[in-house]
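Paired with chain B in one complex and with chain C in the other, chain A is shared by the two complexes that follow.
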Partner chain A sequence: MPRFSAGSYPVALPLVAVAALALSACSGGTSASGSSAGKTLVVDTSFNLKTADPGREFEPTGQIVDKALYETLLSFKGSDVTKPVPGLASSYEQSADGKTLTLHLRAGAKFADGSAVTADDVVFSLNRVIALKGNPSFLLDGVTVTKTDASTVTLVSKKANPALPFILPNPALGILSAKTVQAHGGSATATDGAEKYLNTTSAGSGPYTLTSFNTNTQVVLTKNPKYTGSDKPTYDKIVLRNVQAPTQKLNVQRGDSQIALDLTSDQVTGLSGGLKVDSGASSDVIFLLLNRNTKVSSTTANAKFAEAVRKGIDYKSLLSLAGTGSVQPAGVIPSTFLGALPASEAAGRDLAGAKAALTASGIAKPSVTLGYASDLTVDGLSLQTLAERVQAQLKEVGITVTLAPAPTTTELDNYRNGKEQLGLWYWGPDYPDPSDYLTFLPGNLVGLRADWKAGADPTLTALGDKAATTIGDDTRKTLYEQIQTRMNASGPFIPLMQPSRNTVSAASVTGVAYNPVWTIDVAALGAK
Partner chain B sequence: MKRSPEGAAKPTVEPGLEGTVKRGLLRRLPPAWRRPLAVTGGLVAAFWLVIVIAAPLLAPHDPLAQDLPRLTAPGAGHWFGTDELGRDVLSRVLYGARVSIPLALLLVAMSLLVGGVLGACAGFFGRWVDEVVMRIADLVFAFPTVILAMVVAAALGASLQNAVLAVLVVSWPSYARVTRGLVMGLRNREFVLSGRLLGFSAWRSLRVDILPNVLGPLLVLATLDIGTATLLLSGLSFLGLGAKPPTAEWGAMVADGTQQFDKWWIGVFPGLAILTVVLAFNFLGDTLRDALDPGTARTIGAEKERVA
Partner chain C sequence: MSPRWVPSKGAGGKGAGSEGREGAGSGDGDRLLAASPTARRLPGPRRRLLARHPLARFLLRRTATAVLLALGVTLVTFVLTNLVPGDPAAANLGQRAIGDPAIVAQFRHHYGLDKPLPVQYVTYLGNLLHGDLGESQQSHQSVLTDLSTAVPATLELAGAAIVVSLIVGVAFGVIAALRRDRFTDQLLRVVSLLGVSVPTFWLALLAFYVFFYRLGWAPGSGRLDPGMTAPPHVTGLYTVDAALAGQWPVFWSAVGHLALPALVLTAYTVGLLTRFTRSAVLEVLNQDYVRAARAKGLPGRTVLFQYVLRAALVPVITVAGLAFGALLSGTVLVESIFAWPGLGAYAYRSATTLDLPAVMGVGLVVGLVYLIVNLAVDVLYGVIDPRVRVQ
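Coming up: the complex of A and B.
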């Protein structure tokens, strides 16, 4: 080759360059063979990562990393978030008033450095999350953590907190070794300085330890040989790489990576090479908001008009935009959570009923503006696309919808200040418990965005108050179902869909399950 | 006048064209319009103008109807494929012409009018009028065109009218500058001065004596600018500051295409539409310049033929 590039044949240069490109493209395929031998798993995802410190992280990629590095008191199995299962705590009891949660620690649990996990470590770790006032601190709002004895911890909440067992599995509430963290500048106060250390070395009891950490390129995890949990990890090494979705598709197809986490439904159709696609419903619920404020729009405030919109939307056709795995939630609570309404209760299209309701509303030629963030995609589905489809569907009913796209930053203000006539938004849960959805009730955060004021529906408010304080899964389930049935009948929100989450994996990887809290548990993955 | 028999050089081009009728028709055109690029530009521009007028007759589907299968590759029934909502891309490209081309023409006409009038005033009256107009023009020139247009469009809100206004704000100064220069050169010429001495008002002097002399160069500039205007307007729509969905607009369609990278047809066809329109009007602008300004035509023409 040097002979060619020596200068006498400048025409040959592009040819050489093309040949080199072709060669390098081919060589990409060969690197895949290394994975099966050394038990290394490469996971491609588009990074949203700021830190590996559990007390400070609350980003999707951070959750994946910390789920592998730290154990939490309680956990979830696979993708089922309706029932907390034992983690570092082998059992728990909740008091009848829902204010006290007592957890018994698993005997024999050890950190990666070999020291035992004690109640002091738990108290230190949870108090540290509270004291740091970081992104995940709200999870333990109003909670006091105390040690009862060497293997028992008590969490006391100011108000009844039946959701606490569903909150504790969050990887941000992972348990750190108090001794190690304190030795590196850490403390359970706002002056904590252990973040830098925790971004280079992990201090947990999880199935993996941190080998290298870069928020922009990649994170490498190595198996923790001293892991004491029940399910031992299969892969010796996990490499998490920051890759944009289109490249993820290329990489996983040619075997450069074994898992791609962010492909959209349109991207997974037509995948080749024996790849498996696991499509599950995301827990993000996209909904339509109809403002109740007559000053914003007397049209959307009209109850019969709301009924016309609810009956006029073709939910099935909306689902076709989001692809396999997407579902229509029957209420605002996602289908995978405790308290979700059964799918049979979901609204369907009734064009004649919609037209009748529109006539009954007394509004001739209704025209409304639909505000949405045009640059926002929810699990790969663009709100722009969805808005255009909704517009076309409501036109068939006789409702003129004017689209008002705006950048997220601009439109979010309109939404939060309750200035949208119709709004298209989504709610991503902070934790997988129905109590996170009480915020949709009259007078609460999201309710107010539709100008649904406190006192607008006293029955519903009473039901909400009761649900917030009741413990016992069955009773809670019934209460939340009642709340949603009533909201569907008279509320200003129309739940449209949960888009799909696609996890593409090589044929050799087993045990892939999408979890709404930590996306994927790399320790639970197996090989065949 | 050394190379005045332009036609003598023509046979190098003509053998490619057949038929005596065609040849006769071409021969009747002025020499500048007989070049292959001029003919191509003219034909493509005419093609798009026909589409602007006849889009509803030519389009196989309603450009807004979402009733076809989603993301289908080009094939029978939908020659340009369908987009992410199941709309026919061919119909949308055809209807897109009705948005982009008339707006680009309108925009250039308005720039010509605004820039021309301001520039003529500046050049004719001089002094403070000149200072004020040209310093404002300098101010606009100092900003990057697209960024300034984005700021204006974002401040006014996203809509096609506002996008046209935004592009107008950035495009008039070049006309003003050219007009001013031409008018300054003319205002002290004998035929203008004699008119003034005969008692012509400033307005009449501008209209009768000066306008005919500046119109040619301005028209050339305007024709060359149609391409730029199309690009700028599509660019604003691409950024979400122009056409509102679901309007079929080329820039917005290309933006949709970028969301679906492996479905090439969504972005490529509207992109090709923009490309052909811009090229066609640029070719026409070149030709117009050659035709209206024999000075450059001679040098450029001679240069071209020497290369050929």
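Coming up: the complex of A and C.
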């Protein structure tokens, strides 16, 4: 309403006082709801939600919802994503060539409507994800799902797929009741029309069922009394509300909500009221990209220039922007995943070395533009702030960085088409396995965004191919470490940091754990 | 005033309501007006000239303008959204999905983005004729469904704000004018200036902090207590729906949640209306007919309400209409602080994700709101000021 505004004066306290009087009269009839009555748990989060249909969702809030509504074949316990644990499948075997995964279904598992979970339901649900060609379809790229017998399912991948047990816990691969979905327009084809139904009623065997669903307001989940899994949920009702971070803070402090998921480090310092704060490193890795395409910039394509940037950045100072809990990953793989480089390998600032490298590059007075999405915040950290800090640090080296901010929707195009000279972006894991980071290699999805073409580094490509097909955690770990060490030496990506991830909860809530895949498992929360 | 429904055929000349100022029928618009006060009061010779029904013609003309403007709104939003350098597929698909041409093609096909732009626009218009506003890429629902919850939410908020503002603002304005240059006037001047100049989002944050967090007088964010279920959808206004369904706890919760954000919005409009009412009343106070009324010895109350306020209301209504339109389309920051799922929040989210059908839907609604408000204001002119009727 800027039409009539003029000047700037302080508070309209008299009006607020009038408002207060009116309010006190109005709110008398309402009583604060909380965890006490009927065990309702209110979770505040800033929604990123489009659908509750597992075959179509791949948004953070959708993952929280579907984790509660549907069971997956395998799962993770708490925040540990290095070891898959049983879900609807009580056990699994992986063939030596890594191509075949055999899963044995848990006996006695039932959907919320009382019908049994069968191998047919599993085949239907997974084939549906593949056929819908939606955001999560890539999870099962090249995978064929077949029923071996009533309680066994076999997943055959075209290429060796050691990551599959780490992919299966994704809530997008939740198992639906084939009968129910088919009765409401569902089919494992592209013409499937069950989304509307699944946004009103869930068709899973998870610890909760869907009571109401709105992508802008709130999602209400009710305990599934027929849940057959091991960990029975504590709360009868879960209300997920769409609330912005500053309001989340006040709500949780006041006891209007019991959990706030999106508070930044600044916001969690000095919280009162016996609240618990769970801070840890996010698995989002923010990195700097230097384009290899000489047509885009001959400066960033210069290897010595890249070295100067790598040595010129003060990583510790960047971490101070993100606050407690943030870490500097030593490679592109986040510190909490299998195959992460040890922290001791992380790059540090070497100003003299940076200046020497810059001189060696032969570029006098280098000037580059840094593209980034100015409206994007990664776990509460604004890329704008980060970009400004990087600009200042590189100035000390003698590199002029011109900031080129743009809205995410615009800048994503530049990034994906490889048009940025320097780019500031992050990669959030699709599934917690190091193979997800092979996209950074030459000729792959992210590699190409820096114009790192296939064949640019044959040794690295060979290592990547080997890592993608090798079974055995120890061998894989070694391979991924080698890949990252080589990428750090000669690649176009500079990992900057993993911001901190804070979960604030009321003192009465127990069992809060941040999981990189589904943020929080509401069914695992307890009360005291 | 309540709209009067006019039987579409046969009721012609007699008219359903003899004072039908606001026609709701469209088919027999020409006949509707026979009974309007405007027509009756016209001098003889001109009656035929104005084709008997000036109000009907007025409404018809307005409807035609509205259709043209709505068309313009869709065209402008369509062109502008497509000028933004960005790809809806990139904005909506995940990092991996965007790398798979089959998925991108599927996405484009589903939302009709694979067709040339003119074809997309014509298709949109064709669907619009059937009341189909398209499917939102964000919520995967029809835009109409999304708007049917978002618009009433904002309408409830803005409606409450404008009602309170009108009562308080006009009262303040009249007091200020009557007590011109005395202490009360100076105090109200400060209050209204503060109301107009304080940034609304800041006031919203402050009010939420003080009244919810510090004092605990106001309930938390949202439209209802989290434990409650929304009342059955009739109007989409939670207070009205809850009252209709007789769910009084829900009603009180809705009122409680509505109060604080509505009052924050009120702060600005009250300031505005106070200033306008004051100057309008001052202007009227010096008119001859007011002096004449006083000289006749009419009671002060009669002079104030029948002579002064009625004449002063015309500019006030204009400003109130504009302010109401601005409230409906400009509540985004307040909505975000109070987690109020209204039109502003929906518009913002749609715009940042290049959700074209949703952006165009919002554009249409806002355009329509301004048209309706302007129409209502124009009709009210006639009600308040007989001079307008005769012209």
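Simple rule for what comes next: the second predicted complex is superposed on the first by the 494 of 528 C-alpha atoms of A that agree within 3 Å, B and C clash if a C-alpha of one lies under 4 Å from a C-alpha of the other, contacts with A are read in each partner's own complex, and residues count from 1 in each chain.
Note that in this section a contact is a pair of C-beta atoms (placed from the backbone, for glycine too) under 8 Å apart; a residue touches a chain by one contact, two chains touch by 3 or more.
Computed from a predicted structure; not experimentally measured.
In the superposition on chain A, A:Ala183 makes contact with neither chain B nor chain C. In the overlay built on the shared chain, the residue A:Ser320 is in contact with chain B alone; chain C does not reach it. Once the two complexes are laid over each other on the shared chain, residue contacts for A:Thr385 go to chain B alone; chain C is not touched.
By the document's definition of touching, neither partner reaches A:Ala343: not chain B, not chain C.
Look at A:Asp375: by the touch rule set out above, it reaches both chain B and chain C. Using the contact criterion defined above for the overlaid structures, shared-chain residue A:Pro246 touches chain B and also reaches chain C. Touch criterion met: A:Phe58 reaches chain C, while chain B stays clear of it. Chain A has more of its residues touched by C than by the other of chain B and chain C.
After overlaying the two complexes on the shared chain, residue contacts for A:Ala107 are found with neither chain B nor chain C. On chain A, the surface touched by chain B in one complex and the surface touched by chain C in the other have residues 246, 375, 407 in common. Looking at the complex, you find that chain A touches chain C at residues 1, 3-16, 18-20, 22-24, 26-33, 37-38, 40, 42, 50-51, 56, 58, 133-138, 190, 195-196, 199, 212, 214-218, 220, 237, 239, 241-244, 246-247, 250-251, 253-254, 256-257, 375, 407-410, 412-413, 416, 427-428, 430, 445. Residues 84-87, 90-91, 93-100, 102-103, 106, 138-141, 146, 149-150, 168, 191, 193-200, 203, 205-213, 215-223, 225-230, 248-249, 252-253, 255-257, 259-260, 263-264, 266-268, 270-272, 322-323, 326-327, 330, 336-339, 341, 345-346, 349, 352-354 of chain C touch chain A in their complex. On chain B, the positions that touch chain A within their shared complex are 64-66, 70-71, 84-85, 158, 240, 244-246, 259-263.
Residues 246, 249, 266-267, 320-321, 374-375, 382, 384-385, 387-389, 391-392, 402-403, 405-407 of chain A are the ones that touch chain B when the two sit in their complex.
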